[in-house]
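Paired with chain B in one complex and with chain C in the other, chain A is shared by the two complexes that follow.
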Partner chain A sequence: MPNLEHPAYPAAALLHLEGLVPCRESQVSMLLSIFGERQQFSFPSIFIYGHTSSGKTYVMQTLLKTLQLPHVFVNCVECFTSRLLLEEILIQLQSCSCETEPTSPVPCDTFNDFVRLFKQALVSRGLQDQTLYIVLDRAEQLREMEANILPAFLRLQELTDSNVTVVLLSEIVWELFRPNVGCFDPLTLYFPDYSIGHLQKILSQNHPPEYTADFYAAYINILLGVFYMVCRDLKELRHLAALNFSKYCEPVVRGEANERDTRKLWKNIEPHLKKAMQTVYLREISSSQWERLQHDGGEPGQLKGLSAHTHVELPYYSKFLLIAAYLASYNPVRTDKRFFLKHHGKIKKTNFMKKHEKTSNHLLGPKPFPLDRLLAILYSIVDKRVAPTANIFSQITSLVTLQLLSMVGQNDQLEGPRYKCTVSLDFIRAVARTVNFDIIKYLYDFL
Partner chain B sequence: MSDNAAARGDMSTCSVSKGCFVFKPSTKKRKLSQSTAHDFGIRNDDSEDTELRFVTCQSLWNQIKSETEKVQEDLNKQLLDNLMNFLSRFHSEFQEKTAEWTCRMKFREIPTAALVLGVNVTDHDLTFRSVSDFLQNNITPYIALLEAKDCPGIKNLMQKLMGQLMNCYVDVDSLEDEDYVQVSQNRIRCSMSSLIKWYESVTKKTDSETPSKKRTTSTHWQSPPVVVIFKDMESFTTKVLQDFIVICSQHIHELPLVLIFGIATSPMIIHRLLPHSVSSLLCIELFQSLSCKDHLSTIIDKLLLTAQFPFKLGEKVLQVLINIFLYHDFSVQNFIKGFQLCIVEHFYSQPLSVLCCQLADLQKRVHSLSHDQCENIRRLPSFRRYVEEQESGKQVALLTTDNFLKEETQKLLEDLHVYHENYVSVLRCLHVFTSSLPKYPLGKQIRELHCACLENQVWETEEYESSLQLARMLNKSDLVTMLQQCMEILLSSSGKEFDKTVEKLKKFLTEFENLEVAEAFQEQDVSISSQKELQKKTDLYHLQKTLLELKESRRSKKLTKFEMLRFEVVDYIDSLVRKYLVPADRRTLHEILYFNTAAVLRGHLNAAPRTALHTALNNPHWYLKNQALKCDGGSISNKAPDICIVYKLHLECGRLINLVDWLEAFSTVVMAGEEPNADTASSDQMDDIIHARFIRAVSELELLGFIKPSKQKTDHVARLTWGGC
Partner chain C sequence: TPRNATPEIPRRSHAAQKPASVLEEARLRLHVSAVPESLPCREEEFQDIYNFVESKLIDGTGGCMYISGVPGTGKTATVHEVIRCLQQAAENDELPPFQLVEINGMKLTDPHQAYVQILELLTGQKVTATHAAVLLAKLFNTPGPKRKTTVLIVDELDLLWTRKQNVMYNLFDWPTQKHSKLIILAIANTMDLPERIMMNRVASRLGLTRMAFQPYTYKQLQHIISSRLKDVKAFEEDAIQLVSRKQYIPRAGGMTARVVIMHSDKMSGFSSVWHNVAALSGDARRCLDICRRATEICEFAEPKRSPEIVGMAHVTEAIDEMFSSPYINAIRNASLHEQIFLKAILAEFRRAGVEEATVQQVYHQHMALCRIEGMQRPTVSEMMAICSRLGASRLLLLEASNKYLHMRVRLNLSQDDVMYALREE
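Moving on, here comes the complex of A and B:
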């Protein structure tokens, strides 16, 4: 195990830090060597990337906190405009390393203002002789702000002419960021995923006080055996571990097994975890419902998950409108004659098809259709005469609000509006069944 | 609806384009009683009773409105209670802040209630209002209602959210918040951190002040949750929702947020909108509101199948309203609005509707009827029918003596009220029977049965016949429970005529009890032997055959006591039906209490903009009522407005219309009536005028959306409506 070593920082602090960042020692020591000593200039910008919950934010935060380096930590999702972002940095800068009441924030609209105010703040806080770290979490959001923000942050050291390092944290690679030529390339650093061994080690670290570490480690082992295939998110795994631990302990609490009886415990917990994978992990049922279920000893079958409620009750004509829209979306226009005209004659599919139509329309997805075609199909599939009343038209609009249809290109009001049907085949079949309409017979793909 | 509004003269639209205009009846309008009452009488010459009619109409509507509000409150109660439980559970969790191991390890999720409300989006407002009122009164003052159309980006969402939350603080106690009122919205930094600061300051303030100002905050919880309601989840963009949830989850420790998603379709939409990484930040629980069909049933039950209100709906009208509900919108609000329209229309168009009042007022009103009104009564078709049935002496008296007529009218109206009371009770009894029959020949819902009974004499229909057939095959336990239910219905009804009926039903029940002992053995034998036989056969054909044989043998056999009794019961129910479920339009004076002009209602509610526009352009006489415009068949009169001529000509064209040809045709039609002897100079000038008229008419058509300029061919326009060749 590489011990963290750096002449600039006290050994005790480094040892403490090492305990806090398990499995990330090499990255931390790398960062330390880049940072150098407090007063030394560091690299102008560092880009750290890695998968979800590979410890980027956590490592940066603990590193900066335990070594008491002056820093500003900003989440770019939260600061959704550049102004908010810049102001947030200034506010944090004001409050950092000084106990005085923060003065009211100064408006900072442009990067130019920012550089000026930033320099003032540095001087007034007496931070000129130390490296200041600005950490921008979820840096991919920066790309959506004004074009100058990202390049300017990369060159902040140069622009402000002061000892500052910008650290960008992101889940995507630098190549997707690079704005244009001439932009300063940051030092990129990759945080690899935690391996199963790492996960085991980290998760086992926080065992509940009532039980021994070994007992908990065995539990984590089983948990990872079930969930590692689908989920490597440390946060999520820890959450799942906490949710299901009481069930694991049940035999021990009841006195049916002791803590070493791994096999018995495994038999008890394994089906339970599998169920958890299908329900609570997918958020089909919420964690609190899961806990209550576990507490009451009920079967998870009693609670229907979110996906179980697929049924949507629609007014009679809305159902037909939706069916008509589905047919219009998935049938080629030329086939309408064959489906909706009484004396269409026999048209065989094979010689009727063009080459490109041989691929299933269901694989290609819905195609847009004009309003008139929708109405024409509607009139031919409804048995009764339908008057084109405002009620019918407003139903089309409400289907669009319900996201069952979607409007395509609404730039021209006079042009007949075009729609797409966005529901799935299963859904439309369920709808068609309620009105006794055999939709399969009308679909070109199933001819 | 727009026609009606225009007729009343208080609303109008200044648009000629196609489209439907929805007028929400504002509550203010009802308060302008004087002027509206005046309007009420415009159409009818006898303005004596208009005032009274208007007042009656208003008080009736107010009664009905409060009744519907009560019903809705009751229906929402379950949902609100569940929501309350949900919130309180999370609230206690938030308050505890224990250092317990599981709590530390668990990820703090944002509690989220997914409210599945059904597709009738128009009704949602009401539900949300009651939810937010409820929360405001019981749990927390901090509620924000967000709509997708206000939140195209996360910035707008935060602005809206903070605006609503910080204003709601003003509502709680308006003394302490001067500094908040001063701070305009723009000056507050629109970020989560300022929201948290605000929350800390307000909770601290209320915490320190609770002892002194108990009355304002006592109902709210300590450190109340901040509830954010997304009214139309489906319409929000994914990006906005995701960002918002990610931001919230970062601050959930400082700010007890609760999200409520209003979902119109199915909860699947959550998974469709949010990726797993975001939905794993939420703790979603599902709450289902009552289905709108059940809601409608309750409303019909409470508004129509009750003797509480003198006003009733006829069969056709009810059918129109129900059809709009089932076929088009599923909106209970619209149903109630339609019902309101019926009331207004009835009191407006029927002068005799003064008599549509509670029984207590009836005598006074009947006696103060004017001679004209008496004549109105005599003109009623149902009354004429009644007169014809009387002997000649009485006929003369009825037709000539007003006072006699008045007395008779009062008696008849009282009869009508009694009829309705009895009708409802017996209808419910019949429904007990029909709703448990296989395949529901008379409909599952009581509203279907109600319509069937109103339409014509129900006992003459085939469905009724088959229902009786099926009822004759009911087993004993079912029959007994049904009889008990009927008895309860009849006992609880206010009608006085049912004492005998109840006694009769009681007798049936005791007889059934007696049967139990006597026939227990006998039945058993038969059933065992037949069952044995059934068990032997396995294939369908043989099974059917034996069943048929069994039936035959049973028929030939003397009926058992139970079967006899069953026949008796069914016959008795049949006799009740024949006695009490006479359709309302067979009753004398039904026009006064029953509103049955479905055509008017249909005209108001089923707006058909396309048809109306076509009629206006194709047959201007329909609206303009000018004799000169009256034309027969497809010919085009040159007197018609230019746009009508242009429209008619364009109907004959294909998808692309040549403007030159069109102009030619137009000028031919216009010139048809003129004398052809004009000299060249004036005809040139004429041409210019015609040209200008033509251009104007064409651009009007374009404005109406019938044509648009085409880029495919020069001098051509494209038709936008179908029907072309």
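Moving on, here comes the complex of A and C:
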């Protein structure tokens, strides 16, 4: 195991740091060597990228905190305008070398002001002789701000003429950041994904005190065996581990098995975990519901979950409007005559089915249709006479606001609007069943 | 600070140096800001404008004149000279006295600020734009017993354009009022500006008194330079002629200019080559700039030689510096992979027959070229870096970088120029 070493920092702090960041030794030692000693100049900007939960934020934060380097940590999602971002940096900078009383926030509208105030703040806090780190988390948000913000942060060291390093953390690669007019390229660092061994090591680290470490490690092993295929996200796995542990311990608590009885424990937990993948992992059932279920000893999966609630109560004509819209969206126009005209004469099935059409319309998604076609199909499928009252038309627009239909090309509201139907087949079949309409018979794809 | 302080810039600590050599003297005289007492080759225009203003002054009426011409043809200088002569005449009591107001569209932050400026120059009041408009309208529309005539020079007229054109309308409407006694000299670049951007009622108020400044011919440019260097012997006669003739360069990328120059090196007599190139741009400012640059080159080239005189070679170098396109040099000095990338773009254009390609397509060509040359192939990230570097130096025209491999690439110069730059080793 490579030990972290750096002449500038006390060995005890480094040892402590090493304990805090498992499986990230090489990245941390790389960062340490880039940072150098306090008074030394570091890179003007460092760009760190890696997957979700590969420890970018955590490593950066622990590193800066443990070594007590002066730093400013800002999340760019919270500071969604440049003004908020710049003011936040200045505010944090004021409280950086603590001891001083909180001063009133300074208004800072432009980057020009920021550079001036930043230099003032550095001098007044006595931070000139050591490197100040500005960490911008979720740096991809910087691209949404004014065009000058990102390039200016990349060369902040040059602009302020002071010892400052800007660290950008992001999940996307640097190529997608680079402005068209060019900029100062930062040093890019990659945080690789945790392997299964790393995950095992990290997850087994904080085992509950009432059980032994081996017992918990075995549990983590089973958990990873089930979930590693679909999920490598450390946060998600940790959450699942916390949720399902009580179920794993159940046989031990009840005395049916002891801690060494791995096979029995595995038999007990494995189907439970598989169920969890379909429910909790997809957030069908909320975590608290799942815990309550485990606590009460109920059968997992007996709750309906979020996605099963696809039943919507609609008025009679709205149902038919929705059915008509669905038919208009998924049937080709040339088949309308065959489906909806009562006495359409002879249309041979061979002519009517095109041979070369292989892909089903359901795979290609809904197609837009004009309002006239919707109304024509509506009149055809409703047996009674439908008067085109204001009610019918207002129901169409309210279906749009309910997002069951969507309007295509917002150009003209009154003159020939075009719609798309945005509901699924299961939903429309359920609706059709309530009005005794056999929708499958009218769908071209199922002929 | 005192309440009504006049703005001033800090004085320099040492006195300005007197020109030591002939070349420095020449440089001082050739400076664009050193406008001579009387403008050579603009006598006719001077007379026309003078007569116009003089007649209006004597009659005590108002009127407008529109002066147009491409940049560097002496419009503003001529107008200023006219005003200077008129002021002299007014001092000698040959003409009735008048008031001069000058605004420049480029110096105004907003077209409506024109009112504020005019009012301040006329009366010294400082008010808001809307209020100033009201005050000015009152001033010009009501008869004043002993009002002096006002001459208003409006430079860069096209920048006073607003959507409703009320600034222009007011400016040209005041002279038509009976008591206004306002003479407006409007200066702009395009000859057909009134027809193109003004509404009919504005254009008709501007009237038909117009004057177009033709670009200088090479003879005139030559005359201008020699008149500035009257008794300073710093330039060879041929060199001045070359500068004035070379004013016009066909603007078809760098190569054309370069090829022409290379040809000219081979020929013995310059004048015969340049005879074909008409002096079309006729910009006196650029002419003066080239001359000044040539004096600098001369000074640096031979510091020892005592009788310093700017020769043909210096002028050629200065012209080359000013007109040759930097693109070709940029391509020649680009890194190996950047050059291969440009070759790949050319190959892709030839393959597809369209002058636009995605980075992905160029990438395949690049890989193939690397394979042929036996070079190590760059990764996609390196490739994007190459591409955006070329785009940042404007050799390529790129879309926003967030499209990644689907970003479309176009050349910012002609394919021939790229080939020409890449071929020569």
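The criterion applied here is as follows: the second predicted complex is superposed on the first by the 430 of 447 C-alpha atoms of A that agree within 3 Å, B and C clash if a C-alpha of one lies under 4 Å from a C-alpha of the other, contacts with A are read in each partner's own complex, and residues count from 1 in each chain.
To be clear about the criterion, contacts are C-beta pairs under 8 Å (C-beta built on N, C-alpha and C of every residue); 3 or more make two chains touch, one makes a residue touch a chain.
It should be emphasised that the depicted structure is a prediction, and the values quoted were computed from it without experimental measurement.
Undergrad: Look at where chain B and chain C land on chain A after superposing the complexes, then choose clash or fit.
TA: In the arrangement built by aligning on chain A, the partners chain C and chain B fit side by side.
Undergrad: Of the two partner chains, chain B (first) and chain C (second), which one does A:Arg178 touch, if any: first, second, both, or neither?
TA: Touch partner of A:Arg178: chain C, not chain B.
Undergrad: Is A:Asp372 touching the first partner chain B, the second partner chain C, both, or neither of them?
TA: first
Undergrad: Please work out whether A:Arg283 is in contact with chain B alone, chain C alone, both, or neither, and reply first, second, both or neither.
TA: So A:Arg283 only meets chain B here.
Undergrad: Counting only touches as set out at the top, which of chain B and chain C does A:Ala12 meet: first, second, both, neither?
TA: neither
Undergrad: Of the partners chain B and chain C, which touch A:Met229 in the superposed model: first, second, both, neither?
TA: neither
Undergrad: Using the superposition on chain A described above, determine whether A:Arg143 touches chain B (first), chain C (second), both, or neither.
TA: second
Undergrad: Quick check on the superposed pair: does A:Glu78 touch chain B, chain C, both, or neither? Answer first, second, both or neither.
TA: Once the two structures are laid over each other on A, A:Glu78 reaches chain B alone.
Undergrad: By the touch definition at the top of the document, which applies to A:Glu87: first (chain B), second (chain C), both, or neither?
TA: In the superposition, A:Glu87 contacts chain B only.
Undergrad: Counting touched residues of chain A, say whether chain B or chain C comes out ahead.
TA: In the superposed model, B touches more residues of chain A.
Undergrad: Between chain B and chain C, what is the tightest CA to CA spacing in Å in the combined model?
TA: 18
Undergrad: Residues on chain A in contact with chain B in one complex and with chain C in the other?
TA: In the superposed arrangement, which is not itself an observed complex, chain A uses no residue for both chain B and chain C.
Undergrad: So in the complex, which bits of chain C are touching chain A?
TA: Residues in contact with chain A: 380-381, 384-385, 388-389, 391-393, 398, 400-402, 404.
Undergrad: Could you pull out which chain A residues touch chain C in their complex?
TA: On the chain A side, the touching residues are 143, 173-182, 185.
Undergrad: For a test of understanding, state which residues of chain B touch chain A in their complex under the given definition.
TA: 19-20, 89-90, 101-102, 104-107, 109, 111-112, 114, 116, 118-119, 121, 153-155, 158, 189-193, 232, 234-235, 243, 246-247, 250, 264-271, 276-277, 279-280, 282-286, 288, 291-293, 324-330, 606-611, 702, 705, 708, 720, 722
Undergrad: Enumerate the contact residues on chain A facing chain B in the complex.
TA: My answer: residues 52, 75, 77-81, 84, 87-88, 105, 206, 208-210, 233, 235-236, 238-239, 241-243, 245-246, 282-283, 286-289, 306-307, 309-318, 372, 376, 387-395, 398, 401-404, 414-416.
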